Amino acid sequence: MAKYLKNDDLGQWLSELGADYKVYAPVQEGDSIAFRPFSKGKALRIDRHATVGPKEILFPACEELLRFSYQKDEENPGRENIQVQVEENATPTLIFGSRPCDARGFDVFDGAFTQCSVKDSYYIARREQAAVVSIACTRTENTCFCNWVGGAPDGTNGSDVLLTPIQEGFVAESITEKGEALLAGSNLLAEATPEQEKEAKALRAAAHESLPEAPDFECMPEQLYGLFDNMDFWEKQSAKCISCGACTYLCPTCHCFNITDERQGNEGERLRTWDNCMSRQFTQEASGHNPRSEKAYRLKNRVGHKFCYFPELHKGHIACVGCGRCIKSCPVSLDIRQVVTSAKECRLPAEDNDNE
Amino acid sequence: MPVLNGRELRIVGFLCNWCSYGGADTAGVARFDQPTDLRVIRVPCSGRIDPLFIAKAFMNGADGVLVSGCHPRDCHYAEGNYYARRRLEVFKQFISVLGIEPERFEYTWVSASEGQRWQEVVTKFTNQVHTLGPLAPIPEVALSQLAQTTGTDIREEA
Amino acid sequence: MRIGVFICHCGSNIEGTVDTAEVSRIARDYPEVAFATDTMYACSEPGQDGIIEAIGEHKLDGVVVASCTPRMHEATFRNTLERAGLNPYMFEMANIREHVSWIGKDREANTNKAADLVRMAVEKLRRNQPLIAKEFDINRRVLVIGGGVAGIQAALDCADAGLEVVMVERESTIGGKMAKLDKTFPTVDCSSCILGPRMVEIAQHPNITLYACSEVDGVSGYVGNFSVKIKKKARYVDWDKCTGCGECVEKCPSRKAPNTFDEKIGPGRAINIPFPQAIPKKATINAEYCIKLTKGKCGTCEKICPSNAIDFQQQDEIITEEVGAVVAATGYDLFDWTVYEEYGGGRYPDVITSLQYERLLSASGPTGGHVKRPSDGKEPKNVVFIQCVGSRDKSVGRPYCSGFCCMYTAKQAILTKDHIPDSTSYVFYMDIRAPGKLYDEFTRRAMEEYGAQYIRGRVAMVYPDGKGNMIVRGADTLMGRQVEVQADLVVLAVGVESAKNSPQLAEKLRISYDSYGFFMEGHPKLKPCETNTAGVYLAGACQGPKDIPASVAQGSAAASKVIGLFSKEKLKSDPQTANVDIKRCIGCGKCVLTCPFGAIKEVDFRGQPKAEVIETVCQGCGICSSTCPQGAIQLRHFTDNQILAEVEAICRF
Amino acid sequence: MLDKLKESIKAALPELDFVMGWGMGYDPLHATPLYMYEPEDVDNLVWGPLNVHNLAVHLPSLKGKKVGIVVKGCDSRSVVELLQEGLINREDVVIFGAPCNGIVDMSKIRKAVPDAHFVHSVETDDNGLTITTDKDTHKLSLAEVMADKCTRCRFPNAVVADHFVGEKREPTVENDAYEDLESFESQGFEERRDFWMTEMDRCIRCYACRNACPLCVCRDHCVAQSRNPHWVSQRDGVRDKFMFQIIHAMHMAGRCTECGECERACPMDIPVLLLKRKLGTVIHDLFDYDSGLDAEARPPLLAFKLEEESIKEKDW
Amino acid sequence: MSKVKNPYLPEMATVQEIIQETHNIKTFRVTLNNEERMKAFSFKPGQVGQLSVFGVGESTFVINSSPTRMDYLQFSVMQAGEVTTRLHTLQPGDQIGVRAPLGNWFPYEDMKGKDVVIVGGGIGMAPLRTLLLYMLDNRDDYGKITVIYGARSPQDLTYSYEFEEWRSAPNMNLVLTVDAEAPGWEHKVGLIPNILLEENPSAENTVAITCGPPIMIKFTLQALKKLGFEDENIYTTLEKRMKCGVGLCGRCNIGTSYVCIDGPVYSFAQLRKLPNEL
């Protein structure tokens, strides 16, 4: 049961949603686009992919895991008790304007943080209260490859509502019950006409068409294990990498983090912050040993994690959504598609019998 | 709590042990009255002062920073204040681009015998910072989070 | 960590304007502070015992004392900690006296500020590491710079204690100013009779090496191991050959050279031996006036020298001596009185300095001890002494009192009467400063027994009367009237200033000097002959105007400091040195480049270049720490994290 | 000229582990660093306004190898600086230079061509670029989309090169007037602070600015991520982000050649070069020193004079 | 709010006793402040815990007390990084945070009825101690126990105050060794792998467990193979940089295996199947 929203009513609709949700939407800052709390009158930028996706709304770049305070015994200051507090501040949040690939990133997060032996209570608290209204891509950028990794320009995974931009408005479809409620709650949304639906469908089909043909990544785990000790391959692939964190921080699926303490006087907090597996410090041990001391090892682990380890642990789900941000924002334009296809095409040495 | 009832501002002093810290001692011994805003950090030599300590002080809420060392040629370590002079001068000229008035930071030379001069320096600098008033603090959490807690979008106002 | 905080009242010095009980109450809430209290005198014995007791009772492993400046008592309290069994470096001080209680009376602001300073000290202490001093060998030789009476005393005391002494003297003879004096106050005994034997001892002492006509060119190294470059100035006479016979002086045709020993009264020679008792008694050619050296002709001395000692080719020579300690005894110079136009600015031959007069009085002087005035050689009957010429006079930048002019003026008045019984001395003075054993009695004798006319007042003008004499006009402030005195000779009691090039030498020695160029002592009361540079000591007037007994006393004091220093088996280096985190160092070498002491070397660590600190050479300045962009080299106890913690303590609360 | 460049690289290649240059990237608008190991790799070399990267950034990590590098004038100054600091050995690096007409600024292109992410083809010639997207074609003069640093370029030819091909170009300007800085500083102090608050707030702390900087040689040992010393926390407020940029800038004082890689690499388009430009002009005025021109010079902040002609600190 | 337990929230604990083991190793005995929790606390030999010094951070240590002796939880800490340095400044009575137990454990159930060879080097004895005490307290379940423990010098041996207790257990062979002769040292001198070969324990129905510095493990492994041990019967514990300790932060993986939850105990057979990235 598709609905229709006029372009002109979009701001009004988001304001209405603002009554129940804290609404985030993409806005331009400098030449970049990021998701920020929506307020009326602020220009949205939904004509191109946001530079940094909505990941930080559910997985903040920095969050307090806990606050602690050292409390002194009145009588004996040498005796200190420590109070630990956890602030539970998740509120209903609506993410507006994510792309299907962005929304699919939350799928990976769900796998990593909620479908494992120990679950991340902070992420879950936010995820449960989040609604995601995505916009289908009717045009694909040069860096787009969602179809390679199981997504689509109009993919619905991770979204509650999918909007398709058509002439002068959006065709809105609910994906989940939560989405249905979102669409039902406003008079601004009318029933979509068959013409509108047809137009949307055509646009989406064209977007599908515009994407390059998807290679088959079924064999990737095997290929990547086979290439594990081929350091020449990885050194050449990583040669131009400068080990910054642009790719990981902008990636909708990268979920590694760091935990550090800060203390001022008797108070302090334990912070969870985004971390970057391309940095040498990520695995640096106090002893001086580092299992991934060179960038070749780190790129191997990053690609391995996305196309081999994560799929192995999560029913074949590749931990890449093909949004292309890591390519587009890479200071040296390192192209993960090229790394993965090279790995795929690499001929592995014949099975070595000694190697079990 | 340095900002005593609004009467004081936060002024950080970095003094070399051999000359200026001694100069401040000399001023004390001579009972030369001084404003109370300044808090002194003792370092061995003005050459020890990485200008970034000063930047850090400003980031954390200092309203003024005063550095003082031995007069050129008199450095206990022979060369420390020569390096300091270059670095501090560069830093002083740099901070205007950050939006910090250069007058919030001064560096000067006071010897251990110059108690009177120390009194003058402290008084003059403190007055200078008071003329500029407090420096707005730089937020420690993301602005968007600030918006969340205050319920207003400060971006919009800015 | 368990930190103890002790807030000192310092009697009422601190407590008068700081609520110490309140500060200690606030400090109790600071991180890791397990105990805080206020105490009457932290540095006193009961105060220190209290700290030791608290350390035991509260199992403290770090201590903050908030009291006076660490420049005063840091060492005291470190000892206290050591006695209590703690590492002495687990200690910090908050200076709430010189920096708080003494500089303002606002009790609320002071209390608040004191609490902040304590917080800073606590935060710094929390990041301290126990340090253990490294031991190193001592080179038990001492350099004495200056061969005046203070230097002679220091050198002989050291040499007698068995130390090897290197003495450097700028002039061609030792003896300094005292050697020029005729008699000394208040005993009026013969100066050269008491100094001469001491000078001879220097020359003959097996432990003393004397470099006369030499200057210190550069000093490197550190306490226990200094390396000193000495410039032996060219004197154009081979002193190994010169016997001091003086024939060359007799025959030298160049008679315009100034006789510096005689303060430029009386004739000089281009080749000269300063005075008969000179040590070393060697001839020196003044190149500026030597006809051979300036015009290429003459060479009389070369021809007649019985021992072939003349060497016109001689060059300055640099010699390096290794020593473990340095005593600076460079003495003083006389103020250039010619700035006083009212005294003739140097135009009248019969207006002379006190030291010139001393030469006229001296039997070894140019007049053989007969007082003859320079203009016409007449014996003066009326001698006018003017005191405070270049002393206690702000207008010429010399506001300080030179200390001993009152005494020598009295002495010279007495000697004038002795030499010329029918003479009258007039002394224009401001105040008579005679605080010393038998000193005041001495000035009274000059007035009462020798009839010196003391007139309290400034001299307004000295001018010739046109008949070959001078008129001295001044005020008698006691009588409240103008006086004019007809004078045959006017003697100016010229004040003392720091020796020429004192600042330059101070820079070489890395010691401080005051705005007049006098060297700064370690503490005005408690360390009068130490400096802030370990292993460098002061003796005599280089530290400030001093008379002979005081100079000698300080010479001995400096020697005892050196002997004390050298009596240790080994020296301990200050462990607050720089330290390289080898895991963080990228071997860029910026620290090596900027270290003023060459204390950092590049080493190879598993094929990577890394910096390494030579701990006994490191002086702890921290330039390397502020140079290293990775923060890989950190000055212990002044680490980035410690300074940052202090900054935070000020800014965040 | 490109052919000559290729020839000279091919000639030198047998002696080298590899040569770094530029090849075409993921779309016609983006070049990417090209590592030439074999002669056939050299055929992929391109030269033109899309060669935005400063390849000198890789040199310090290649110690022990003998490599070639193709440089623009600005890149070559970074090489000189690395030589000066002893971070590379001159005999281990073979430098190929060619005259540079200027490179593009991608955000200017995005402004001129909003559809830049959908580009189909790009043609470059002496007059500029012709960009064709899925929708239309844009003809842009190079001047329109040129990086700011190129508009004030004083060294279009490599200042150090073993092999220089092509005819040396005249510099664009004789002196950098620092007009951008002047206009920024015509604002009040509060406005400047507000500017940085807004700009820094969107920093994601990816450290692309640092890692793209050819002279940020601490890299894995940067104080930004260390606890000892603990200069910045991992919080995401302006305070720590701004502090890091100040650290970066100050560590570059007297070393930065203003190649602009920090700003170009920033995915969030934060104008961080401005801070370094400020230091550049301060250093120039105080010490009459330009970095990256003389490998033998002693950098100004690791040196001193007993009397500083341009520092009037005693006036205070 | 979700009902999911917060995996990052430590329990508060009190340091009861501190033992200086060597110049840079201290052993901490701690109890959870919540008495109920302390009573109910259970873990298996080989599991680890995260110790928190609030304001400094967390670090992972094996619980080296035995589940059979639950008066306290014991951790041995070698001073290396920021957290360990700070831990070393603690005094009894100080508060810390504990997240435990975490990770897997030694196959102490499967080992029942078998002989056991324990080979430890330096601080590597910590995880082995918990297993050893467990076996000593369930002595009848296990066959012969051989413990080979070595360190650089006698001063570097941890738990020396317990050697008597270990040695006096039935059917137990405790072999101590140091790298070089030292005054007063009456035990073996030599590198651990060599001493192991010298002792020549039978591989028959035997499980070997080794822990220590990487270089020692490498040669111990070779020695064990020489003695006829199969990869399946050789276990070790791994160390990696960890932050969360619960498999979420992403840094301690070897391929698909996260050392913090899938480890730290691995058999060499398991390690061989994982990518070569130790």
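Note that the chains take the letters A, B, C, D and E in the order they are written out, and that residue 1 is the start of every chain.
Here, a contact is a pair of C-beta atoms (placed from the backbone, for glycine too) under 8 Å apart; a residue touches a chain by one contact, two chains touch by 3 or more.
Not measured: the values here are computed from a predicted model.
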{"item": "Label of the chain whose CA centroid is most distant from the centroid of chain B", "value": "E"}
{"item": "Label of the chain whose CA centroid is most distant from the centroid of chain D", "value": "C"}
{"item": "Centre-most chain, if every chain is reduced to its averaged C-alpha atoms", "value": "B"}
{"item": "Pair joined by more contacting C-beta pairs (A-C or C-D)", "value": "C-D"}
{"item": "Approximate Å spacing (C-alpha centroids) for the pair chain A, chain E", "value": "38"}
{"item": "Computed distance of Cα centres, chain C from chain B, in Å", "value": "33"}
{"item": "Whole-Å separation of chain centres (CA-atom averages), chain C against chain E", "value": "64"}
{"item": "Averaged-CA centre spacing for the pair chain B and chain A, given as whole angstrom", "value": "44"}
{"item": "Residue list for chain C, restricted to those that touch at least two other chains", "value": "2, 59, 583, 594, 627, 640, 644, 648, 652-653"}
{"item": "Chain A residues counted as touching two or more neighbouring chains", "value": "60-62, 70, 78, 80, 258, 260, 262-263"}
{"item": "Multi-chain contact residues (two or more partners), chain E", "value": "57"}
{"item": "For the chain A and chain D complex, residues of the former touching the latter", "value": "29-32, 34, 47-49, 51-52, 60-62, 139, 141-143, 210, 236, 239-240, 242-246, 248-250, 258, 260, 262, 271, 273-274, 276, 279-281, 327-329, 331-335, 337-338"}
{"item": "Touching residues (chain side chain C, partner chain D) in the complex", "value": "581, 583-586, 588-590, 593-594, 627, 629-632, 634, 639-641, 644"}
{"item": "Residues of chain B touching chain D in the complex", "value": "51-52, 55-56, 59-60, 72-73, 79, 82-83, 85-91, 93-94, 96-101, 106-109, 136, 138-144, 155, 158"}
{"item": "Residue ranges of chain A touching chain C (in the complex, touch as defined)", "value": "70, 72, 76-78, 80, 263-266, 288"}
{"item": "Of chain E, residues touching chain A in the complex", "value": "1-2, 4-10, 12, 53-58, 80-81, 84, 93-95, 97, 214, 239-241, 243-244, 246-256, 261, 272-273, 275-278"}
